[in-house]
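The letters A, B, C and D name the chains in turn, as written, and every chain counts its residues from 1.
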Amino acid sequence: MILVLKPGAPEQQKQELIRHIEGMGLRIHESVGEGTTILGLVGDTSRIDSYIFSSYEIVKNVLRVSEPFKRANRMFKPDDTVIDVCGRKIGQGYFVVISGPCSVESEEQIVGIARELKKAGASFLRGGAYKPRTSPYSFQGLGLEGLDYLKIAKQETGLPIVSEIMSTDVLDRFIEDVDIIQVGARNMQNFVLLKELGRTNKPVLLKRGLSATIEEWLMSAEYILSEGNENVILCERGIRTFENYTRNTLDLSSVLAVKRLSHLPVIVDPSHGTGRYWMVEPMSKAAVTLGADGVIIEVHNNPKFALSDGEQSITPKKYAHILPALRKYCEIENKKLEA
Amino acid sequence: MILVLKPGAPEQQKQELIRHIEGMGLRIHESVGEGTTILGLVGDTSRIDSYIFSSYEIVKNVLRVSEPFKRANRMFKPDDTVIDVCGRKIGQGYFVVISGPCSVESEEQIVGIARELKKAGASFLRGGAYKPRTSPYSFQGLGLEGLDYLKIAKQETGLPIVSEIMSTDVLDRFIEDVDIIQVGARNMQNFVLLKELGRTNKPVLLKRGLSATIEEWLMSAEYILSEGNENVILCERGIRTFENYTRNTLDLSSVLAVKRLSHLPVIVDPSHGTGRYWMVEPMSKAAVTLGADGVIIEVHNNPKFALSDGEQSITPKKYAHILPALRKYCEIENKKLEA
Amino acid sequence: MILVLKPGAPEQQKQELIRHIEGMGLRIHESVGEGTTILGLVGDTSRIDSYIFSSYEIVKNVLRVSEPFKRANRMFKPDDTVIDVCGRKIGQGYFVVISGPCSVESEEQIVGIARELKKAGASFLRGGAYKPRTSPYSFQGLGLEGLDYLKIAKQETGLPIVSEIMSTDVLDRFIEDVDIIQVGARNMQNFVLLKELGRTNKPVLLKRGLSATIEEWLMSAEYILSEGNENVILCERGIRTFENYTRNTLDLSSVLAVKRLSHLPVIVDPSHGTGRYWMVEPMSKAAVTLGADGVIIEVHNNPKFALSDGEQSITPKKYAHILPALRKYCEIENKKLEA
Amino acid sequence: MILVLKPGAPEQQKQELIRHIEGMGLRIHESVGEGTTILGLVGDTSRIDSYIFSSYEIVKNVLRVSEPFKRANRMFKPDDTVIDVCGRKIGQGYFVVISGPCSVESEEQIVGIARELKKAGASFLRGGAYKPRTSPYSFQGLGLEGLDYLKIAKQETGLPIVSEIMSTDVLDRFIEDVDIIQVGARNMQNFVLLKELGRTNKPVLLKRGLSATIEEWLMSAEYILSEGNENVILCERGIRTFENYTRNTLDLSSVLAVKRLSHLPVIVDPSHGTGRYWMVEPMSKAAVTLGADGVIIEVHNNPKFALSDGEQSITPKKYAHILPALRKYCEIENKKLEA
């Protein structure tokens, strides 16, 4: 951490600041330039809130030198993290396709879709039992009943289950019934939830927040990791921009950034990321090309009658065409598509 | 809701769409223009997800005509909502000043600050027992111990308490000990939490999300209102923009917008909204001028040693100068400053 | 400027970098921390592009310590700049009201409005002869004919003229006919235009760009100042955010920021900044409260038939009510409303 | 265009509005719902500013039904536009690689780079003679001297030239010396410049503005097309978001959107779009995968000493490795790489 002092900072105030810093167990490198004095703080500054120093009148600027995330940092763990879920590997040379409807609507619906996905070669079944909806009047999901149906679909097809959790009170059921617990974009900074998930060893799929930076996203992963759970999978799902032709702007460069900054696997959600069903296939191919570790694709038997997110869903029939295409692109990139 | 059809939409597909709409209990007004056909949906469309229709190939555009919020809507309740908390009124002709440190750090600290605030004329005492922090390594608040200290401060000064809740598992304690429960920006779309708060009749201070639109903010208020709790106070706390000289961009025009769209009281947080202590006083005055129903001002006995958000805090001494200034501006606007 | 080196940077590469820096006439302060080495660059770095150093593999981060603007900086000139235009002062203790229609539509229209503005007590007449429009099919302004009508309006009323320039080929006519030349938000980074304006000594009203930071805005002012023209007036006109209830988000805190960072006067445009005519009066009052040096208010004799921006215009009748209100608020703030 | 009226709109005001609309030569379809009345405007509304109607008190909302761009619209011209520049085709089944340094720095530099690019298989040589820089103290380009050097480089290598224009006063020289005239992001809405370029028949490379929507970008293309010049090439170069790990956020989905909305070719600039040299190759491959018609890649012989944008440049040596990779990806997508 670096503190830039204002020109002409009174010596007495500077000494007060220096005592404050040293009282925190840090050492100081002072560098006096033309008009500007710079204090370099040496020691573990990761627990220090940079705002503390900004309240000093003589401090002009506080600059962070090192990334605030530790366990998520590739410097902490140079090798790629590979997570094994029911025999499917996520990370490094593997590629997973997680598919299913936005919401579980009935046993018939989810089992029917799961069978078609299995046949087409999906790696995981996803389905929402709890749905975060902007409006209280929209369909909110079937709740625990939805989890029951997902379990039946898993029994029928062998596909492991990915489903979103919205609060800690149902955590036990999720640990028992779900194979990967998803944290949605709106809960990326629900720190109580993240900490609780960190105390389990269940794989967590952490979606990027609606307008979160990559650093904030990795800090949320850090919440889970710092409690002891190392099974974190990141998921780029688009960020909010001024463009409204697409529902969000899918930031494919974040795949490259995350791979450099962190050892964690990262997958891409082109369905929520674009909100346009006809963009799902090309954006999925591009995700493979860029080295993503997987994609989440929304599939619904009848998108027009879907209780949520119909616009971005594709039919099982179309899905059966997409999967071979993805397999081809995985081969080009020397990735193994897990199924 | 209006559906714009693509030019040359086949009659058969149009009929299928019309049957779908009518099956939802809605009537249709069809309007045929040059090349474009428009279907106006008549009936209660508030429960209908507009994405459903977007998945029809022949639908070019889905446009909402009416606001999706009902109970928060001024059309639903033309008169301003006034909320009485321990004898202090919030809304309409009243103005409240909620003040205190970002975090409760010790009994001594919070009681000391509370006494100075009381003397200066504050309406409410705020203090964080639970703190949402971007980093797991930052100070996370004293938890229930913090609530205990707040209660002592209330006993000593009579100032009612405002404090932030982060999860439902401590809701009972908050209902008992806190006078206004705050929902932070990061939890504005924590729908499980909002619903639970809606089932109480405790006043809720709902902060605007980091990059939330006014409509999304009012939809989150709707979550609380729709469960039966009518005591919702909105709080503008700045939105994320490309400007980083200020911590956020305080959107003062949202006060005017909320007043027109809704009957709910709205207050302004210039401390988080700017992140600069020297902007707090002028922005507070501007909030009065614009008709806000109150402000939240961060006050810390020693901002330099604050465990969080020191940069935006002001000292009790400075605070004692701000309050008379606000009183003067309240008089100009015919507002009564509650204390 | 500070360069943060990656941990374990090879000595040879570091020496190469140091030679490069010294070859630019700068000196270096080296500070070696735990794992991190920091190079502080001492000397005039304002001409140096920070991207140069980022291309060194061993450089992790480049941090700017000082503001890149010089002549616009309050440190360069501590006293407020006051600009005199036809006897009206702009800056410090003065407040100006610039008003008129978005576009000049006819002689009759502009002269008619000008008379009413004069009567109500306006300081300046504004009117667009050239209009930057998103669509080539929208009304583009009357061009030089519009300038002619503005001159007539000035002769009739004595109100000095503010009008927007869009290209350098009409600069001579603007210098002759216009009293303050406006640079619109879309041209804030039209550097060729800024430089040309810098070579005149005509007052320039520089609008903030649609998504410009305050620093970028001041750098555009710097383009004008650096060529020798010191008569720059900044104008906050709202920035693009995700909020679309208002046309833009008027960033009133930028008035405070500019006043601290720079000596230049800053005025506020609530008409473009909100796009809502009923927000103009309260936002103007708030601008006075915050210490702005003036406002621009769009006035049109018949907003419904305005050829551009009708929604945000107010009628002369309503205007005649706003001005006394502004005068009252100026008195409260000890500002003299110039007329 | 659709006007949504407020509930209970007085009949007299409605009739006044209807007369206004009919006076513009439009017909009206009226649709009366529960509480809401909707007026559908039939006829050519492309020249009508939607703000006009918003100033009516009884109008709640104005909704556009059709895209405001005409000649850029794929509905206007269903087949892909293919532009031939010196025998290289741009659009449809072809793929071009435009490369070179950000700035022309000397004859030696540009000729040297051009030779290496030619050898590696580039399609076009780019180089900036005029540089839009945020700071007036940064290198501004060699101007016409730079164009001279580019011409020499073209003579030596046969590579056609792409260079950025910043103002109309040098348009004649650009028409003579340059093969594709580039309009930079900051000038995307410099409408005077766009119109002038529209009056030539020179190919124009139109970069997307810093925070422009796709619709605004296509409207800027419309400015050129509406004056008669049909040779417009769009260029996605990243948009401003809250993410600052990358210089901009390259919106690769815009390639898919533009292809659907328009017939114009669209290329991608991964150098400016990411600001990270090591992202250039993977993002270029992804651009091929998504159907882009080309890429612009910044190449500099010595990025560390580049006078601008060193961080995002790659060396000719690295470039010689990228081109074969791109050729391979073009083959997969059945694109012909033009050289």
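Note that in this section a contact is a pair of C-beta atoms (placed from the backbone, for glycine too) under 8 Å apart; a residue touches a chain by one contact, two chains touch by 3 or more.
This structure is a prediction, so every number in the text was calculated from the model and none was measured.
J.: Which is the least count of steps on a path of touching chains running from chain A to chain C?
T.: 1
J.: Between B-D and A-D, which chain pair is linked by more C-beta pairs in contact?
T.: Of the two interfaces, B-D and A-D, more C-beta pairs touch across A-D.
J.: Distance-wise, how many Å sit between the C-alpha centres of chain A and chain D, to the nearest whole number?
T.: So the centre of chain A lies 32 Å away from the centre of chain D.
J.: Counting in whole Å, what is the centre-to-centre distance of chain C and chain D, each centre being its mean C-alpha position?
T.: It comes to 26 Å between the two C-alpha centres.
J.: Cα centroid separation between chain B and chain D, in whole Å?
T.: 39
J.: Indicate the residues of chain C shared as contacts by at least two other chains.
T.: 211, 240, 242
J.: Name, in rising order, each residue of chain A that touches chain B in their complex.
T.: 20, 46-47, 49, 51-52, 54-56, 68, 70, 132-140, 166-169, 186-187, 189-193, 195, 210-211, 216, 219, 222-223, 226-227, 240, 277, 303-313
J.: Considering only the defined contacts, which chain C positions touch chain B in the complex?
T.: Spelled out, the residues of chain C in touch with chain B are 211-215, 239, 241-246, 249-254, 256-257, 260-261, 273-274, 276, 278-279, 282-283, 285-286, 289-291, 329, 332.
J.: Under the touch definition given earlier, write down the residues of chain B that touch chain D in their complex.
T.: Result: residues 2, 4, 7, 29, 31-34, 36, 38, 40-43, 60-61, 63, 65-66, 75, 240, 242 of chain B touch chain D.
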